[in-house]
Structure formats: C-alpha cells, structure tokens
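Chain nomenclature is as follows: A, B and C, assigned in order of appearance, with residue numbering initiated at 1 for each chain independently.
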C-alpha cells in the first residue's frame, strides 16, 4: 500500500512541523534565558549564565504583581466555582421557556472579547461603587474590579465543566438517598458533591490558571494595581531583557511538573479501576459456579 | 413491623397522558404483593407514587392507615430497590448499607453493629470494606436489599430487581427474596413483567394494562380464573377464539367461533348475542377426539419439540395460530406437519370472557 | 429617571416576566412529575443557588454590558457634569466612527482598521483550521488513549506560558536582530534582515499561533464522536481519502468546526497582546484603537461605542457563518 506509506510519512512530517511551530518559539526563548547578552539572544551563543533568574527574583514590581495575581486568582476561584456549580444545577431545573435565554446569558461572556468585559466592568462598577464615598474608597480598586471582571467569564468555564460532568450523573442515586431518609442538603453533600469531585478539581485549576494568565480583561480592570501579567506587558513594551525569558523558563518548568503529576495520577487511577474490575469478574465466576 | 398500603382511586397524569387510571387496592401488611404487566402499563408509576417520588393527580395513598399526601419520599416508611440498584459507587459496601442510618444520626459503633448483622443475613460476611465496583451482580443485589432493610421500612418496594440478572441467578434470587420476605415479615410490593416471578413469589398479583388494574387475585386464580381477555392472554399461554355467544345455559355458554360452535364456562353470565372470546389453554387441549368434549378440526402447521413438552401449532382463524401443548409422556400421539388433527377439550376447561384487548405478543 | 438607572430595571422585568409565566403554567398544566424547585433542593440550598446565579448573571454579565451600551450613547463628560444638563442621549460616539469629530473628515483610519482587523481575523481562522484539522483527525481516529493524552499535554504545555511571553518569544525570533534573521544572514541567504514585524508577518504568525488550542479541542471532540466504522465503510466502498473527509468526516464534525472557528475568530478580532507586541509601527488593530481611547484619550463613551461596534460585527459575522453552514448555536457549545 504505497499511498498508506506515503500518508504516514506526510503525517510524521506534518507533526514535526506542527510541534516545531508550537514549541519552537518557547524553546528559543528558554535558550535566551541562559545566554549572557543583555538582549535576548539564542544565536549566537555567548556564554551560560543564571544571572537573569537572579534579576527576576529581585524585581520588586514582578514580585508584587505575582502576589496580586495569586490573591486575585484565589478570589476568582472562590467566586466562580460555587457560581458555576449553582448555575449548572439551575440549568437543569429552570423553567423550560427561560432556559434558552439563561443559557445565552451565561455563555455570552465566553464569546465577548475580554477587552469589552474589562471595559464594561470598570464603567459599571465605578458608578455603582461611587454611590457613597466610603464604598468608593473601600471597593473601587483594581484588585476588586479585576476579580469581578474575570469572574464573569471564568464562571462560564466552570459552568461548562460542571454541566459536562452532571450529564453523567445517575439521578437514581439521588432518589435512593432520599428514599433512605436523607434530607436535600444531605443528598447534595453526601452524593452529588463527591460525584462532582473530579469536576471541582478541574474547575479550581482551570479557574485559577485562567485568572492568573488573563491579560485582555485585567488590563482594563486593574486600574492602578498590577498583576504579574500586566507588569510583564509593561516590561515587554518598554524593552526586553532575558529576565523575561527566565520567567518563561520558570513557568514552563512548573507546567511540566504539573503535567507529569497529572499523568502519574491518571495512570494510578486507571490501575485501581482495572483491579476493581478483576475482583468483580472473579466474584461473578465463583457465583455462577456455586 | 409492617404496614398495609391502600390505593384510594389513584389517578396519575403527565400533561395529556394518563399513566394510571383510578387504581384502588388494599395491600395487607406482611403480604408479598406483585404488580404484573407489560412495559408502559403503569406499574412503575404506581410504585413511584407509593414511594413518594410522584404526587397522584387524584386520589390518596395511605400507608398503615396514614395519608401520605404532602409527605416526601425521605419521610415515608418505605424503601425502594431500584431497577439499576442505584448503589453509591463512591462508597464501600459498609457505607452503602448504613447510609440510611447515617442520615438518621445513628452513631458509628451502632452502625457497624447493624452492618455486620445485615452482612450475615445476606450471606456476605466481612465484605464491608469492598467497593461496589468489586462486586458481582448477585452480590450487588443483596447489598441493595440490605441497604433498604437497614432503615427498617414498613413497606419494601422492588422495581423489577431481577431483570438485569442472567437466568440461573434469577431463579436463585427468586427463592432468596421470598425467604427474606418471610423472615423479615414486612410488606413487599414487587413489580415485574415476568409472570413466572410474579406467580411463584407472590401472595397476590395485580395484573395491569394501560394504566388500569385488570385483576387482583392470588397466582392460581389469576391463571385459572382470569377475569378479562387481557389477563387471560397475558398470564401464561392461551388460545383466544373470538366469536358471538349463541346459547347461554346456566354455568356454560356456546360461542360461535371461526371453528364453529364451542362450549366453555361463562362466569360473567354473558347473554346471547354478546361478543366474546373463548379461551382454551394449550395444556388443556388434546389432539384426539374424545367423549363429552368440544372439538374442532384443523391442519397442523408446525411442531416444536422442547424437551419435556412438545408444542403443536395448528391453523387458526386468519394469521393466528392455535397452540396445543403435549407433555412428554402424556400418552398423546403427536401428529405431523400438514396432517389434519382434531383438537378437543373438556368444556369446563374452556373460558368465555367478554371481548377485550389482548396482550401484545 | 436617567437612562443609566433605567438599566437596572431591565433584568428585574425579565426575571419577573418568566417567573409569572412559570407560575401560570404550573397552575394550568398538571404534571405529576414536576416537583417544585424548593422541594427538589431544600430551602437553604435553593436560596443559595438562586442568589449565586442572580449575582453572576445580573451583576457580572447583564448589567455591566447593558451599562456599557448605555454609556456609548452619552457624550464624554468630566465626572462633575454627569447626570447634569449636558448629559443627554446622543449618537455622536457612533457617528465618530464614520466621521472624525476632530476635523469633520471621513474617518478612513478607524474604518479601515476595523475592516482590516475583521479580514485578518477571518484569514487567521482559516489558517488555524487548516493547521489543526490533520492533527485533530489523527488524534480522534488513530491514536490510542495514552498517545492522545500525551499529545494533548504536548499541546497544552506551550499554552501555559502566558500569551504575552509567547508573543515576546515570537518577537525574539522575528525581529530584525532576532534569531531567524541572524540565521538567514549567517547562512548568506539574505544580505539585510527582513522586517517581519513591520510587514505584519509577525502579527499573522502570532495570531495563528495564539489560538491553536481553542480550535483543537472542539475539532477533536467533534471528530472523535464519529463512528470509526463509517470511515471504514467509505474506504471499503472505494472513496479516496479526500472524499472521505469531504463527505463523511467534515459534515459530521460541522458543529465542532463551527465552534472552533467562532472562538478563534472572536479571540482574534478581540486580541490585544499580539497586535500590541507583534504588530509593526504602522499596524493598527481595532482593539488597540479601543485601548487607546481608554488609556490615552480617557474617552470612555467613545471606547464603549467602538466596543459595541466590534461586538455587533463579530456576532453578525458569526451568525452569518452559522446560517451559511446550517449549524444551530446550541450545537456549537458542546
């Protein structure tokens, strides 16, 4: 089958190009982090150094931004995960004629350019918070607005995650628990939430990461404060140093670590499920024989 | 502790569709009661109404004399065994069984004690730590039952619990369920479409079709004395010969069928001119002429040897076939395909019932 | 009552409308299976869910958006004069898109920027799709579960690096003193460095690069749901590979394709980082124009109007594309 062979070669070539395109700039940037020149340079190579990592650590603006990003991320998680879960549950129970509009409203932040979300957040909340001087002083700050702006679309991500998980939920379990005497809150906490646990973990991780790396919305909403990303943007605009490459290397390192951890956990989960299946099969066999 | 269940003119509607029409029943405490009928007949709807997941559009459900209106499923003295068992997959066997106790605030030590007792009762001693995914089908069944019994319900509701099991296991579980019921002594309400189950396990059976309860009686009565054409054709095999009553004398009547005039018992005292169906069970007929019997002649279409029985299929009116069952050593000569045979039966074994819809094959 | 306060009434009216309709219906259509909301969830959880959802949909989505739209119909005013006599409804901000208020001339700059941004976004979407489709197909049909997971991880890892850093990395490679130019000059292929960035090549590459993942997932999901047997059947009947894709795979994957293309288009049109860091000095992206209104001119109403124009155009285009390919909106969000 000559054409099949040709296909395979083309596929291999394509994959090479694809992942080259994907990883190329990253690898290049990573290389510049270890190269001595002041200007990020991968070629020609002039000498190995770890200086840029030190400079990164000492950059107070970056560190301040990093701290703010983490705080904002945690707040966004705290808001969007419960909101997304509530919305997913209500989606299944809402009055059927209202469901279409409800769905549209909840999904719309995903389709709205981040820029517009940022702008509308600032315009709206500025007026609302300026109702009294006290509220203005306390609430009208970049960190708060960034949380509110990000929460609007990150809740939509969370909603989709929970909706996907909920479709696989066996309603009979809910009924079984009620039948055995559980109250509705008990059914929620004992049966539904444990079932949703994988989705909750995904939602928390995705919400945090989405919040952390957000630029378009945060740029507008952050006012006088700063996040790691806005500091980064400022520095890239002004002039580039390999310290930024060093930052990229750190992020890549963390992501790789996260990816490896995820893979290990997934493999372990698979092994456990296989083992349980084996035991069940053995039980079946011995039962029939009896 | 068990309680009786009263259905008082229960009607359940879903929008335009009426699933249960005016059902009235009195199930005694401690009884093993079954609802038998084809899928869509309303038996699941009745079960869910008794357990509290549905509110009746009309009528009332009373358990132990107490009206259940407004009382949710978690407050009723009932426990439901779901068709797919609905065991909690993330919990162990122990946690599943004691869940009902846990939500009632029973302490851990007490729960462990109860769990061990129940595990002994269902013949799974010491298996508490296992996960649901590690169990076989039969074991899961028993855990579901133990879970329901743990809350000491007054009525146990079972939704076709054996339909997912294979044949041998089903037979075994039938006996087990019956003996569990007798041991625990509570009211069992069992729904199924399998008549073998209903007849062997129950004290009484309610046969349902299209939301209507056709007949309520013990197994033998439902089989020997069906009251409607549906019951006669649904429970067991039965030959249905439609026609018109030409003579009604006392206990018996003559029906003019496609095979000519045939006699049968007339418990409903149908009068001349009434449209009726004459029912004769395959095992009540013989393939030879005999004295004092009603009989008719027809051609043999096919013969099916089934081991201990042989089924002979003969030409009937239109497409419908007449079936006669001959036991292995019953002494009958089995005719061959194409031969003309005489089908005869004692009139008292024939039953004349009012015209009505038959069970779909 | 000013138009601004009127905005707050809108969500209340909508909610009241549906609530009344639901109550009317429950009273007239008797259905045994319809259990009340508070019966299903209990009082505490029921109220909690409603509050959370109301907060999100009303205060984080609907109101800010409506408020921005209203703002776009107002003139630019210093804080003192808002709510005063000079604060009236006007179309001047929208008008400024067509006719520049500074000199009364046709606003070719903004209009051309707008069309340029939309056009490039469309092209980028097409490029993106062409790049992603083969890999999505391979993952969905050919790979084992483990291989697929690895490929997915391989796709996701580059995207954990922030989009700004990615743009930065591309800039490193494409700048006049950057890697590619260095290599080309060193190899003797060219004499003077090519101005990739100035010629917008950087922008195109950056935008195509940025949203590969967004296209990949819906595409992968859609193709994955196709029964492999159908492809086998088509091959068995003698269809060449391109016909298999044209007649079997692509029609099935239409919702996923529509979903991916919609997302990529909207992200591109609304992109901020790539144009800011990869565009040449002559490049103007519509979102950058909006950015400047906010941070340089402090003209929020005009920025809002332009935002709304962008949003309306994007939605119109997406709706048109969905209609053209006969895909419903509900299908795309899967």
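Here is the rule we go by: contacts are C-beta pairs under 8 Å (C-beta built on N, C-alpha and C of every residue); 3 or more make two chains touch, one makes a residue touch a chain.
Source: prediction; values computed, not measured.
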(request) Grab the C-alpha centre of each chain and report whichever is closest to the global C-alpha centre. (result) A
(request) Skim through the chains and flag the pair connected by the most C-beta pairs in contact. (result) A-C
(request) Taking each chain's centre as the mean of its C-alpha atoms, give the chain farthest from chain B. (result) C
(message) As a quick test, compute the distance in whole Å between the mean CA positions of chain B and chain C.
(response) 59
(request) Averaged over CA atoms, how far is the centre of chain A from the centre of chain C? Could you give it in whole Å? (result) 17
(message) Based only on mean CA positions, could you tell me how far chain A sits from chain B in angstrom?
(response) 55
(message) Two-or-more-chain contact residues of chain B, please, as numbers and ranges.
(response) 72
(message) Give the residues of chain C touching no fewer than two other chains, as numbers and ranges.
(response) none
(message) By the touch rule stated above, which residues of chain A touch at least two different other chains?
(response) 183
(message) Residue numbers of chain C touching chain A in their complex, please.
(response) 4, 14, 18-19, 21-22, 25, 37, 40-42, 44-45, 48-50, 52-53, 55-57, 60-65, 67-68, 71, 131, 134-135, 138, 149-150, 153-158, 160-173, 177, 179, 182-183, 186, 209, 212, 241, 262-263, 266-267, 269-273, 276-277, 287, 290-291, 294, 300, 303-304, 307, 310-311, 314-315, 318, 330, 333
(message) Going by the contact rule set out above, which residues of chain A touch chain C in the complex?
(response) 3, 7, 11, 14-15, 18-19, 21-26, 28-29, 32, 39-44, 82-83, 86-87, 89-90, 93, 95, 97-98, 101-103, 105-117, 119-121, 123-125, 127, 148, 151-152, 155, 160, 183-185, 188, 209, 213, 215-216, 219-220, 229, 232-233, 236-237, 240, 244-245, 247-248, 251-252, 254-256, 258-259, 262-263, 266
(message) Per the contact definition, I'd like the list of chain B residues that touch chain A in the complex.
(response) 51-53, 72-75, 78-80, 82, 84, 86-90, 99-100, 103-104, 130-131, 133-139, 147-148, 151, 168-169
(request) Show which residues of chain A lie in contact with chain B when the two form their complex. (result) 170, 172-173, 175-183, 186, 190-191, 194-195, 273, 276-277, 279-280, 283-284, 286-288
